[in-house]
């Protein structure tokens, strides 16, 4: 299975009926494709919409209905729109149950860096800092390693997105949680062994007696 | 002429087309009756309405369209409604051009007390403190004296509504401004002499060379 | 969002709870929830409400039944019972400027620690509060306010819990619907999804925990 | 409110002015005002806008014409020209978390000195800012932001200047419409008074100074 699809499918399992969910761009966006149709999840687009629907059919896009990247989307029955003060009131106020974000690094204490590579990539943090500071649960969806280098690091050397630790990291190799503030291997991807995860993980990982395989 | 009507008519002269105006309860409410019909003034009711209209005809009142005192009102074409955060954003943010409020005392520096008599009247300040702190112009509409006692005092001994001085005081005897922070007699009511005003005014008043009579 | 009876909803509120109640002088107040609070005799309440309404109306009913121990409000001058209970020290009253009151609730609902306001500087309201200067201007630091329950009244609620309000009954309702652990809503009309256009929804459905179903 | 031509409106904006421009990635941006700013070559602008849109679209046009000297935004990653101008130090860029950005503008429009936010605590964003503890939790003090002009785009404007917005084009427009000395509005549709119901007005008429009339 495509690594991105493993991640998206596993993250989708974290969502519950009634949840208000904000998906970042990239892998997180894919999560919406794997939510069972009987699960009533509200997706928020931080540019001012709850109830985002799929990309509209050819010829049906409206210029004033877009996601936070400016791409055309649709709205589901029961959608609502609002200004940016309300949108971030929802985010910072803890009304978003789950946010799923991409990551550059997550460290052994769950701290996330995902908005800047000094001297190289300085696009701005957009809504990321508010999402990580405010959402009830923060899930990072990212590849376990990039160019052979672990993205689960001992300590982030890139600028942090928030001092608040994330709730969960889902990669193409593992699910990592932070019970007691300590990175802990909670699941491995299908066909991946604990030893293989440890071999490509820079951060020290606690390993429980039993590490089940991800259910996708 | 009834003293309250003198005050209301004189205050009405202060309003300009396009002004957003907030009228307090009591004498200030009467001001709306004396605004020329060609003057397009927006009246705000701080419970969440711009475009307040007169009391509806018998049988036309709606239970969810009231003024800040809970009394039925109507709304003019072009009215808008909003929540209390917006209502006080308008007030504190300087978007209200003129507020007209009643007063218990105004002192020689223009400071107003109008919300509390310790041990006697402790109803709460409602929106008064925000209005005096935030409106572009604050006009106090009140009787010059109560029970023979001047309400224009040397220094307020009742708790202040705001440390910000008011713009103008209109009474049944005089119009008093505060150029340079000093109470100054600007007009007298019809048939009232400067000496008569001074006789019932506790605060020291600057008297310009010419003090015209109020035009009503 | 779950639809429940008014009896079930109020049974969830313990005596001594903190409740925010929408409405302005009894306009836009969830009367059915207040009637039921009285019927179930939920005493010792901490009430956060703009005013005390008048006896027999809106939150006034809670003072009639002497259920309020603490009150945060902006004006209670039109309810003699609330005034009497305050002067007799039966209820502890915190009087707050109305703009500050609503911003503190908004801050509580929007994850802010507080706001800086010019309102109240140099008055009794400033007592005991931190003052902060920004660009040479003095502000009071007013901190966020939340409650365990928000009791909200809407004009329209759809089956998902999206809410719209009518005229001056909007007032504090949408702000309070963000600032409590549990949000309970009564609506004049419960309507199918889609009846409220997305641009006309004021309180999005995910904010609502319980909607009082029709009898 | 006064109806004016787009030429007249932009002629009022001096070079070097500070302008807030509504829109999110070019959606809900007053394009006609931006085109005219470019035509009248208003240079040295201080721009307050969520993003830099993309070249040729929305505020992106201002970077195409190199009219921006200072920029406060939350994200400019999708406009390579804005990135280049930032890296070449042609524009001074202040990057602000989006929730903080909109709260600072709201504070500016609502007469607040600032707000306390948890966002940015322990990050680069906290540098040089006052930190304030409330109930044991640390917040950054983020101060109010205003501009000389707000350029706002609405879906509906009535003859008095009441505004309503469509779908995701609302974004920063209503907040900016409160936070500038002069508010200039373009609307998709200018409609008679009463077409926008009172409960559906988002920006009340008194906030609007100029409405761009139809050609």
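Letters A, B, C and D mark the chains as written, and numbering starts fresh at 1 in each.
Keep this in mind: a contact is a pair of C-beta atoms (placed from the backbone, for glycine too) under 8 Å apart; a residue touches a chain by one contact, two chains touch by 3 or more.
Nothing here was measured: the structure is a model prediction, and the numbers come from that model.
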Labels of chains that are neighbours to chain A and to chain D: C
Contact-richer chain pair (by C-beta pairs counted) among B-D and B-C: B-C
Centre-of-Cα separation between chain B and chain A, whole angstrom: 55
Distance between the centres, which are taken as Cα means, of chain D and chain B, whole angstrom: 34
Rounded Å distance between chain B and chain C, as computed from the means of their C-alpha atoms: 29
Chain C and chain D: spacing of chain centres that average the CA atoms, whole Å: 32
Touching two or more other chains - residues of chain B: 49, 75, 81-82, 88, 91-92, 133-134
Residue list for chain D, restricted to those that touch at least two other chains: 103, 106, 110-112, 117-118, 165-167, 170, 198-199
Topology of the chain contact graph, where touching chains are joined (line, ring, star, complete, other): other
Chain pairs in mutual contact under the definition given at the outset: A-C, A-D, B-C, B-D, C-D
Touching residues on chain D, where the partner in the complex is chain C: 103, 107, 110-118, 130, 132, 134-135, 137, 139, 141, 143-144, 164-167, 170, 198-200
Interface residues, chain C side, partner chain B - complex: 24-28, 50-51, 53-54, 73-78, 83, 86-87, 95, 97-100, 102-103, 106, 117-125, 155, 165-175, 202
Residues of chain A that touch chain D when the two form their complex: 45-49, 62-66, 68-70, 75, 81-85, 87-88, 91-92, 116, 121-130, 133-134, 159-164
Sites on chain B touched by chain D in the complex: 18, 20, 42, 49-51, 75, 77-82, 88-95, 97, 133-134
In the complex with chain B, residue positions of chain D that touch it: 1, 106, 109-112, 158-160, 162, 178, 193-194, 198-199, 201, 204-207
